[in-house]
Every structure is written in C-alpha cells, then in structure tokens.
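Below: the structure, in structure tokens.
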Amino acid sequence: MRFIFKTSYEQDVRLAKHGGHVFWYSALGVFLALSPWLLPEYWLAQLTFVLIYAVVGLGLMLLAGFTGLFSIGHAAFLGVGAYTQAVLNNMGVPFPIALAAAGLLSALVGVVVGMPALRVKGIYLGIATLAFGFVVEEVFARWEHVTGGNAGLFVNPPAIGSWQIDSGTGFYFLCLVIAVLSTLAILNLLRSPTGRAFVAIRDSEISAQSMGIHLARYKTLSFALSAALAGLGGALYAHKIQFLSPEQFSIIQSIDLLLMVVIGGLGSVHGAFLGAIFLITMPQLIALGKDWLPPAIGEAPGLQSTVYGIVLVAFVLFEPMGLYGRWLKVRTFFQVFPFYRKGMFKRQKSFQKSDRLK
Amino acid sequence: MSQGAEEILVLSNVESAYGPIKAIRGVSLKVRQGEIATVLGSNGAGKSTILKTISGIIDPNRGSIHFRGENITAKDPADVVRRGLSHVPEGREVFPLLSVHDNLLMGAYTRSDRDAVARDIEAAMTYFPILRERERQDAGLLSGGQQQMLAIARALVASPQMILLDEPSLGLSPKLTKEIFEIVVRINRERGTTILLVEQNANMALNVADYGYVLENGRIVMEDRCAVLREKEDVKEFYLGMKEEGVRGERRWKKKKTWR
Amino acid sequence: MSGDFLLSAQDISVRFGGVLAVDRVSFDVKRGEVFTLIGPNGAGKTTVFNLISRIYTPTSGRIQYDGMDLTAQPPHAVASLGIARTFQNIELFEHASVLQNLLIGRHTHRRTNLLDDLLFTPKARRAALDDREKVERVIDFLDLQHHRESLIAGLPYGVRKVVELARALCAEPKLLLLDEPSSGLNVEETQDMAFWIDDIRREFGITVLMVEHDMSLVSSVSDRVLAMNQGQVLAMGTPAEVQAHPGVIEAYLGTAEDVASLRRPA
Amino acid sequence: QTQGVSKNEIMLGSIQDLSGPIAGFGKQVRLGMLLAVDEINELGGVNGRQLKLQVEDSAYDPKKAVLAAQKLVNSDKIFAMIGHIGTAQNMAAMPVQFQKNVFNFFPVTAARQMYDPFHKLKYAFAATYYDQMRIAAPKLAKEKGAKKVCSMYQDDEFGLEVLRGAEDGLKAAGMEMTEKTSYKRGATDFSSQMAKLQSAGCDMVVMGTIIRETIGGIATARKLGFSPTFLGSSASYTDLIHKLGGAAMDGLYATHTSQHPYLDDASPAISFWAKKYKTKFNEDPTVFSVYGYNAIDAFAKAAQKAGPNLTVDSFIKAMDSMTIPADIFGSPPATFTATKRLGNDTSRLSQLQGQRWKVVSDYMKP
Amino acid sequence: MQLVQLIISGIAQGCIYGLIALGFVLIYKATETVSFAQGDLMMLGAFCGLALMTFLGWPFWLAVLSAIAAMAAFGMLAERAVIRPILGQPAFSIVMLTIGIGYIARGLITMIPGIGTETHVLPVPYKDQIWRLGGLVFNVEQVVVIVVTAILCGALFALFRYSRIGIAMQAASQNQLAAYYMGIPVKRLNGMVWGLAAAVAAIAGLLLAPITFVHANMGFIGLKAFPAAVVGGFGSLPGAIVGGLIIGIVESLAGFYLPEGVKDIAAYVVVLVMLMVRPNGLFGESLRKKV
C-alpha cells in the first residue's frame, strides 16, 4: 500500500504523482525505444499500428470519454487526414507540413461536424455523425481526380526533402514520437481549464453553462481537437497501409474505433492505448487460436466475427470499465497485497436515468 | 400506542456499504404495526441508506430484514413493494417525461383493481390540488415542491401497509410542510398505515412520531419513545437546535485549517 | 439606473404554455444585501432565478444588472459578469471529485488559452496553482477538507449542498443566487449555513439573492424579503414585515398553531 | 535461402473473405485451393516439397487484409500469396508482399491493377472486367441489333470497370452508351434505376452488378414490363443467379472463362471433378472453387518447372517461359512473359437457359 | 405517371425503413438505448422462417408465426443472458452489447456449414406477384409490407399510450430507480421489451426476405433505418413511419431525377438537413431539463 504525503499543490499538478510512476513509465519508455531491436519485424509493425490507433483513440477518448459526445462517424476524420496526407505527400510536400495540414484539415472538418452537435445530443448526435460519415465516404469515392475514387490511391513513403523514412524502424519512431506528444498534450489538457470544461459538459450541460462555459465553443473545440488527432492518426495510417480506398473509412471502421475506446476504458488516457492494443492484436490472436480448435470450427467462415462479438460482450458484462478498469484491479491487488478483499470492487446496483434531460 | 403490537418491520444487525465505504454498521431496529417511527441523524449518518437497504435498492453485506414476518433481505425492490412496502425516496425521483397522471398511475402499478386505483388517485389529488391542475403536464416541468408532492402522492396511491418516507418536507413551504405531516398522521390513523420517517426537521418528526432512533456514523446510538427523546439534552442540542448562546458562538470559530 | 442597485428586475413575465409562471414581477437588489424570495411551491421563485441566469428568456420585461441589460446576454456570459448560482435540485458534476468541481467553478477566471493548456506552459502552471489556492480558501471556509477528493456520487445530500455553494463561491461572484440553500440540512447545519451566508456578505462583499423556505434562516440573514404567489408579487419588506403580512400567512406560512398539535396521544 | 521454401515444404498464403459480405465466395475459393493442395501433396508434392497453405480472413476489409498480409509475409514467411480475393484488399496487401519479394499470384479479382503497373511479382489469370465488356458488349449489341445500350453498375471500382469496358468497346464499334445508372453496394431497391433505364428506352443493359443486385435489378425490370437484353460480367456468372432468381433470370448473358462445374455436367471430366469436390467437402462446387483450384494447380506446375532450386527468380523464369494449358473447365491456355503478366484476355459468353448456364460463344476476339 | 410510379416505389421502400425504424424506436422508448443488433435480429428472424419453411417444410402461416414466436423467445433469452446482468449501467454499455450481439449473430449464422454463407429465397405465397392498376404496377410483396407496417405501428402506439405496461416501460427507461420504488418489475419488463423488439425484427425480416433475399448480411439495411427514425424524431412511433416514408420517397425521386450517387446518400443528407432545421426531428419533443 502506498501512502503519498502531499506537501504542496504543485504535487497535484504534476503528471507523475510519485516515484513509482516515474520508474514504470521510464521503463516503458526504454522498452519502446528499444523495441526495433527487441521485437521481430512483424510485431514491430503491429506495434506501429497500435501507436497509430492510439493517437486516433486519444482523440475519440477526448470526445466520447471526456466530453460525452459519441461520434459514430469518426472514421471520416481518419479518412480526411489520411487522404490529405496521401495527396500532399504524393505531390512532394515535405512530411511535417503534410502532417500538419492533415491535422488541420481534419480539425476544420471537425468544426463543421461540431455545428450540428451544438444543437443535438445523445443518439441524435450519434446519428448525425453517422450520416456525416457516410457523406464523407461518398465524397472520397466520388472526388476521383483527388482521391483516386474507388480505384484507390497509393501513398509514397514519408519524406523530408531527400530523406525518406521508408524503413519500418524509422517509421516506428515517427509514430512513437507523435503518439507520445499527443498523449502529453491530452494529459496537459486534462489538468487545465479546457479539459475540466469538457468534463463539466459531459456531466451536466446546464450546470456547465452556469459556470460560464460556452457550450457551443467547447463542444466545437472538442470536436476539432478530436478530429485533429484522428487526422494525425489518419496521416500515419496512410503511410503505414500505403494504399487508401474509401471503404477503409466506412461505418465498420467507425464502430471499430468506438469499440476501441470502450474496451480500453472510457474516460481514461490509458484506455486509448489498451484499446488500440486490443483492436490490433485481437484478430491476430483469433487467427492464432484457430489452430487449437477442431477444424470444423477453426476453419469455419464467420469464426472471426463470432469470437470478436463474444469478446466484446464479455468485456461489457464483466469489465464495464474496460481494460483500464481491469488493470486498476490488478494493480490494486498487488498494491494492497495481501489485504485485497473480494468485495473491494464489487459493483453496487446502479440505476439508469434518462439521458434525454441533461 | 399499544405496547404489545406486532412488529411489522425488523432489521437485525444490518450492514451496508457502497463499495469499500461502510455506510451503516450493524443497525437493528423495529417498527411496530400502526406506529410512526422516525430516524434522526446528521448529514451522511446513513439514514437514507437504511431505507434503501430495506426496500432492496442496495443489498446489505450482513444482517437480515423481515417485513411482516417474511425475510426480505436483498430481495428485488419490485418484490418488496408488492408485499406492501412503499418508499418515497430522497430527491423526488419522478418520471420526468410522463404526465402527472401517468406518474400517479405508476404509483399504483402493483395494484390491479382499476376502480379503486382511480379513486385513490382522485383522493391523492384532493390532498394536493395542484396535481389535478397539472394532470396532463410532464412531471419534469413541475417546480421542486410540486414534484415532492407528486412523489408523496404516488406512494399514497400504492395503498401500502407501510411507507418509508425520506425527507418528505424537502423543499416544501412551511404551510405545506405542516400539511404534509398532517396528511402523514391522518393516513396513519385512518388507514392504519405504518410509517418509517426520516426527516431533517427533527422538531416535526419527533412531534408526529411515536418512536425514534438516533443514528450517528451508521450506528444507532439512542432509541426511545419520542416523548422521551424530545426531553433529552443531547437531542435538544443537536437535533432541535436548542442551544445556549455560548455553544453556538463557539461553533462559529471551530473551523480550523486541517492541512493534509 | 441608480448605482445602489446591483440587480433590478422590471416587470418580468414568463409563460410556459398555459402557465404564467412569473407575472409582471419587479424588484431591486441593493449591492451588498441579502435579498430573499419566498413563496408557496410553484410560485415562480426558481423561474425568476432561471430568468436571471438566462436559462429562460422573459416573455416581457427587462432585467438590469450592474448597469447593463442582462436579457441581451447569452446564457454562458452571465457567469463572467459575476453571477454565480446554486440549484434547487443540485446540479454537480457527478463523476468528478469535489476538488475538480470547485476548479470548474473557477472557469470564468481562466487566464490561459488553448495553446497554454496543451503545452502546459509555465503560465498555465502558475494559473493552475493560483486557482488551486483560491479553491483551497473556499474549502477552508466551508469546512470541506475531508471531502476534497471524494467523488460527488458518494456524498450525502447535505454535503452536496455545501459543495454546490462552494463551487459558486469559487467563481468569486458579485451576485450569488442560492436556491433553497438549507433544504435537506438539519438544524445545526442550517445554522452553519446562516453563518456562512452572513460571512459571504460581510467578508467577501457578495450580494446574495436567495430562495428559501426555512423562515428561521430567512429572518436571521435577509435584509429584505419578497413574497411571491402564483407568479405575482405578494409582499415586500423586512423579514418581520413580510412574515406579518396576512396574504403571506394565508398562502405560505400557514396559521401559527403549534406543531405540537400534531403530537399523538401517548 | 528463399523465404517460404524449405527442404520439404513450400509455404503459401492466401487471404479470403471468410466473415464479410462475400464469405460464400471466400470459402469456395479456399476449398478449391485445399482440394488442389491435397491432390498435389498426395502425388508427392512439388519436386519433393509438400505444399502448405495458410489462409487468413480479411472480412473484405483492406485494413484487415494488410494485417493479414503482414502476418503471412512476416510471421508465416510465405513464398507466394495465392488467390487473394478482392481488388482493394489486393491493392492494400501487395506493397507488404513486394517489400519481401512475395508473389501476388492469380488473385481472384478481374481488375486491371492485378497486372497493370508492371511488377515482376504480379501474375494474374483472369480476363479483366474491362476486357470482358470491351469485347462482349459491342458484339452482343450487334448480334441483338440493340440501338440503345445502357448500363446499371455498382458504384465502386468493380462496377466502374464494367462500365468503362462497355463504353470503350461501344465507342470502338461506333456506338454510344445511352444511359447509365448506379447503386451502392448492398442496395435492395432498384426501382428508380430501372425506371430511369426504361424511360430512356434502353434495349440492352450492361450489368455492372454482382449477384443479388443482378437478380434484384432484373426482377424489378420484369415487373415493370421492361425486358431488354441483359449482359453481365463474370461477377454475375454464378449458379446463384438462377438458384435465387428463378425463371425470371432466363435470358441473361454473362461473360466468363472457366465454366460452372455442375455435378451433372455434360463433360465427364467436370462432372468427375465436381463429384470429388462434393465428396470431400459435402458442398456443391462453384466457379469460385474452380478459381481456387486452378490457381494452386498453375502454381504447382510452374514451381515444378522451376526445378528443385525454387527461388523467386527461378519461379519467374519458369512462369515466363511456359504455357499453362487449357483445362477441363474450358479456361483458355495462358502465357506470360517478362513484361506480360495477364495470362489471357479473352472470355466467352454464356446465357441462362432453363435456369442453367449454357455456353453460347467461343472465346471472343475483338 | 412516371412520378406516381416512383412515389409508389418510394413509399414501399420507405415502409421497409419505417418498419425497421419501428424496432429502434420501440427499444429506445422502452429502454433509452439504441439497438445496433436490430438489423441482425431481423436477419435471424428471416433465417428462422427460412429454416421452418424450406428445411422443415412447414406451411407458410405456421412457419411465420413460429418464427416470430421463436425470435421473441430469443430476444428474451438474450436479454436474460447478457443485458440483464448490466441493467442499470449507462445506456452506452448496452449499445456496445448490441453491437457485440450483432457480430455474434452474423458470425454464428455464417458458421452454419453450407447455409450461412449462401443467399436464400424465402418461398412466400405472394412471391413475385404484381397488381396492375391503370398504368401503375403494385408489387404485392411491397403492399404486404405497407399494410403490416401500418398495423404494427398502430398497435405499438396504443401499447405505449394507453396500456399500463407500456407506460411502465417508459417509466423504467426514464428513471429506473423510481420504477423500482414503484414496484415496477423492471427486469421482467425489460425482458419483454427485448422480446417484443426481436419479434418486430422477425416480422421485418420475414417481410423483407422476399425483396432482399435471406443472407447473413441482410441486416445492414438497418443503417438506412437510423436516419428514418431520426427524421421522424427518435422516440416517436408514427415519426418512424413518416421518417421512413420521407427517406424512401426522397431516395426514389433522387435516383430518377438527380445525378448519380445522390440516391445513395440522399438519406443521410436528409437527416443532416433535418438535424440543422429541427434537431429533434418531425415528431420528437424538444426536451430540456428543468432546474
């Protein structure tokens, strides 16, 4: 059990609350920095994907987890970022500029989508974003001379001047840097007035308003930031996948993104990363597990979606706080060892209340 | 009050917790058929928790609850209501998007006799005429006090054996507060409904109730007939606000920085 | 407008469908006073608060605040003009801790921009520490030290009331609107509340507009009282005057028979 | 040491849609490939090496296809990707493969990109939709004396290829596309599309459609009393059309190369093969099973020819110098060179007659 | 004439959207969650009917009724197994659950060897029949959809407006805690709601099957029904039908008169426009919390 003696307000503002934090996050940092030499190529590629999705997840976490606005069309922002990056990059624009443009353009689109969000809530917002997602997908398909339409678009490796980042390792570090910076930005946000305003809006709009929070402005801002992160993620995604086609940014992708933050644990920054790990490794785990099943089941078509569904349902049932919730329990177990009691995390009965009035 | 009356509600050694936080610790209390009992206690003492545990909203970790001789420990709330135990919760809890009438109808959900229900709804509206005026309005749009009236009326139409009242006077005007207690007493006398009352207005509560319990930090520290409790110095000081000037003046300066 | 008045409502009315919730009500609140609204349930008191905090727009009439037309302001601007409020039914941020709630209360005083926040520049750090200090002062004032880190969802009703008051105080308002500050509090706590309101007015110089049903609290802290009934003004004056007003007794206080009349034969 | 080739094994990979919208086809391709793999392995493999096939599921999602390709290429270390289904999925997976010198062999899609920007690792077998329509559309139009040729196509790359092929073919024959209308994949209502074509007075409609849309479109037209000549691509050359659409589908033309393997086919070879398949998997084979079977078969032939020292280069050398002979399913002979990577660009026409596909033309030359 | 014919087919298609939207609205009204599994339940219903009619050879009516009953039972069972344990958690968890259930339903159906990956025809007696009236063509399959949709909508409307159980369902969705206090058997009602929703889905599936065939992915049409529900005002049963009709007709006309591609996104454009103009839809009530 750890007791922290606080002696100044400064401590509450710091990101690392105690030595343990410093130690473990440094260890993680070292591992990540050495991964290219520790992990086989295949797993490094997966790790890169995880980082990319984590960036997108951070954005969605900000929107859904902290501001309480659920977007079922988030793949659209991912797509805007990806296509912007691809088009600019293929035109020879240096990578950092293209990346910034991808983030900015997505943010701009986010603002546009944020508009209806100012007036609608809950399910209406969900459907608005869903509809928006479909429209954007259609634009990708129709705007052929820019996006290549349904034929798709190849993406050249990222380059700054004549320096091409085409090795897996180089690109991995690129993603790592961006993921770390995004995480820091989100953490900073959460310990400052902007982030608190988001949380306020999530919990009670009327009350937030009476605290002087401009609902429209902050909701739009949340959309913009979230979209910007999705755009950055999209830009990296474009390079990683090297080929873009409109159906990659369909409702399925949007739902995957949503699942990612929910399974990761809504309302926690860790959740974005854990969710990304889940999203990327799950299909691989299913593919691996297939070999242990009798062929009649293991080789049956539809297995993947069945297992995926079962895992999802199991998560919601047994771990509504997501992977992060599970992690907290495990951590507590070790921290208070041997005093962990079974009822410690026992769920009290809880009761649903109308979301329509907020 | 008849001394040997049958005990309708018996809590023995009940302990409830919210996660790791224990809210009540080993509470035992009895309510006799036809009496009004009250639980006093300061903020956070666990009064509401006792009522919630009785009606099954939270499950106790330990102890048992018997209502009319049957064990209702950790039963489904709907089941408890069906046995004739109604609960007027703290904080109104109306159905915001249903009309006032439908709210009352839901109060009588456990009853199947349509005509009797209609009659009781009429009667409830006579207690609170404003409800008749707003019969078709969404309950969520009523003023705070009006919602409180609705919440009480809703429990009345259930025509229960026993009512748990959690701060019924919350947000009501002085006049209505008095009326509410009159109604409570009337119901108790006329219908013989047993009542367990939790109320911040201790003066009122001790006046209308027969028997009282004093709860502190989740434990019952005192219990007696209300007539006796009213005269105790502690009760006078802490719950009825009858203190000497000196004590009050001191309280003002008791705050000191507890730096963590 | 006279400079003494911080707030003045002129002939405000608001209608919801068939209900005339507020009907041509006028009143002025002087700087530094405690002004109380009383009235039976459904009289329109909370609606007056909602008009001031711009949740509703009056059907007719104007509200002047500090020399400007409040009705022309958007809802979110009200707070930055120095008006903070509490709610009758408690509207806290349920999934946040007390400390976070109070920090959100400081929103109108934010000095950093988005970039500062994202990068957590030294300026943002200073602002954060500064806010924290102000918040701690309120915590000390209202004795909330023990609940600093608790989640709102687990607090008893009475503590929540105090937290809501604290949140409003964190905004360092000029005008504080309190909707039934003592409901759900026991006698002792109500007395605390009375002292607090007194201090808020005296020490912080905040003007208080309050809705309250507990007459002991009303008479001990208010300078003036306005009684409403069915949306209209019934009486106005000192607490004693209003309490003696027959209309008020009739509609609101009830006859003065002793509660002991309810006492049951032993 | 070449990736995927060991002393007694050749590691092959494939990505199929096993849980997405065309899981039916994906499954059939897979079974066709398995049949071929087993046959070859039973006969001693390829130069003494057994074939090993690893199949992954893409659920028809390009992102999953990339993940699957990464697994196959970098983790399972395959020598070649065979019969990968879906255009976008192939496009997304190919860069991953080519980085590691892994072939994209006989993908199950008739898109031009499967061979078009040349890459030494690309080998495609199927006449493209574009070519199918470029040749068949004008030919059928002339034959039927159609004045107004129109098109209904799926709003994606597949549908557009059909449309483009038909348009270019018509133009070359001095004709023009009168009217065209599209729908989105998964659409179920084609009434406004058919109304549009009907009011334009079309007497032949080129269908850039797959299965349900082909049936839905034609059924809608029939109900509206609109009966032009319908021409589909090899995407609508499947037994499902008549199984699901019934008699209303009779008269539909479609282009194709391999024939549908009916169990009671007139050709004893096909019938024998079909029965063998059915015995093994307890399912009727379809033309997709044939695609899978042929892909493995062709690979084995080339690998055999490449000799015991199987490397990327030796395989290319073998492929580029051999002719894959015509097979029992009526596929034409295929040849490849160092620059030509499409085995054959001709197709033939079948028509639905009495709820069964009948070949009605030989391989067509423009 | 052309226009009338187009409107007729628009109405028919709109009724299909409306029918599925009814399922969404039903669930929403009674539990305040959005069921993403509705389309997949529909698919299951259709497969169920198919199994009874084709594989077991039951007569049409018997098969239809049994399929509906079976799906209702399935809905209750699913509620019991996966939704009830987390009853009371934020609505969003349940939305996620429905997505999971959708995946499982689709996956399991696909896993049935030889059947799951195929497309099937549901042999209804009125298959491919048409009525001609003047120059207009009425598709009997579609007429059946229109009639059943109207009846179902009326019945559900009456349930929620007049019956005690219907009101209790809404009560439980607005304030579950209070519903418990009133003695409303929230859990049982919840089970009934999901059973009812599954039955409605089954009806939709069976009606739709002759038009779209039966296959594992037929549920995706549900995505078009969301806009229908929103345009009508989520939470309003007549709104679902009207919303469906609007979208059906707009699509039909857009497909004929407007450039290519518009038809496919017409539904979404309509919904976006609607959200700009009337954020709560045509019949949705504008709600604000009173403080």
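Each chain gets a letter, A, B, C, D and E, in the order it is written, and its residues are counted from 1.
Assume contacts are C-beta pairs under 8 Å (C-beta built on N, C-alpha and C of every residue); 3 or more make two chains touch, one makes a residue touch a chain.
From a predicted model like this one, the values you see are computed outputs, not experimental measurements.
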### Shortest path length from chain B to chain D (each step joins two touching chains)
2
### Distance in touch steps, counted as few as possible, from chain C out to chain E
1
### Task
Tell me, please, which two chains come out on top when C-beta pairs in contact are counted per chain pair.
A-E
### Task
Go ahead and note the Å separation of the Cα centroids belonging to chain B and chain E.
44
### Mean-CA-position distance for chain E and chain A (Å)
31
#### Entry: Averaged-CA centre spacing for the pair chain D and chain C, given as whole angstrom
74
### Separation of mean Cα positions, chain C and chain B [Å, integer]
27
### Query
Going by the touch rule set out above, which residues of chain B reach two or more other chains?
18, 57, 96-97, 140-142, 260
### Query
In chain D, what residues contact two or more other chains?
19, 23-24, 27, 155
### Message
Among all residues of chain E, which ones touch two or more of the remaining chains?
### Response
106-107, 110, 113, 116-117, 174-175, 177, 180, 216, 261, 264, 287, 289, 291
## Note on the structure
Each pair of chains that touches is included here, namely A-B, A-C, A-D, A-E, B-C, B-E, C-E, D-E
### Summary
The chain D residues in contact with chain E across the complex are 19-21, 23-24, 27, 155, 180-184, 186-189, 191-193, 195-196, 199, 211-212, 215-216, 219, 223-225, 240, 243-244, 246, 248, 282-283
### Task
Going by the contact rule at the top, pick out the chain B residues touching chain C in the complex.
1, 18, 21, 36, 42-44, 48, 90-92, 130, 141-146, 148-149, 167, 170-179, 181-182, 185, 200, 202-204, 207-208, 210, 225, 227, 238-241, 248, 251-252, 255, 257-258, 260
#### Entry: Complex contact set, residues of chain B against chain A
17-20, 57-59, 61, 96-97, 140, 260
### Query
Inside the complex, what are the residues of chain D that reach chain A?
18-19, 23-24, 26-27, 55-57, 59, 61-64, 66-68, 70-71, 74-75, 88, 91-92, 94-96, 113, 155-157, 160
### Message
Applying the document's contact rule, which stretches of chain E touch chain A when the two form their complex?
### Response
28, 32, 34, 36, 82, 85-94, 96-97, 99-111, 113, 116-117, 173-177, 180, 216, 223, 226-227, 229-230, 234-235, 261, 264-265, 267-269, 271-272, 275-276, 279-281, 287-289, 291
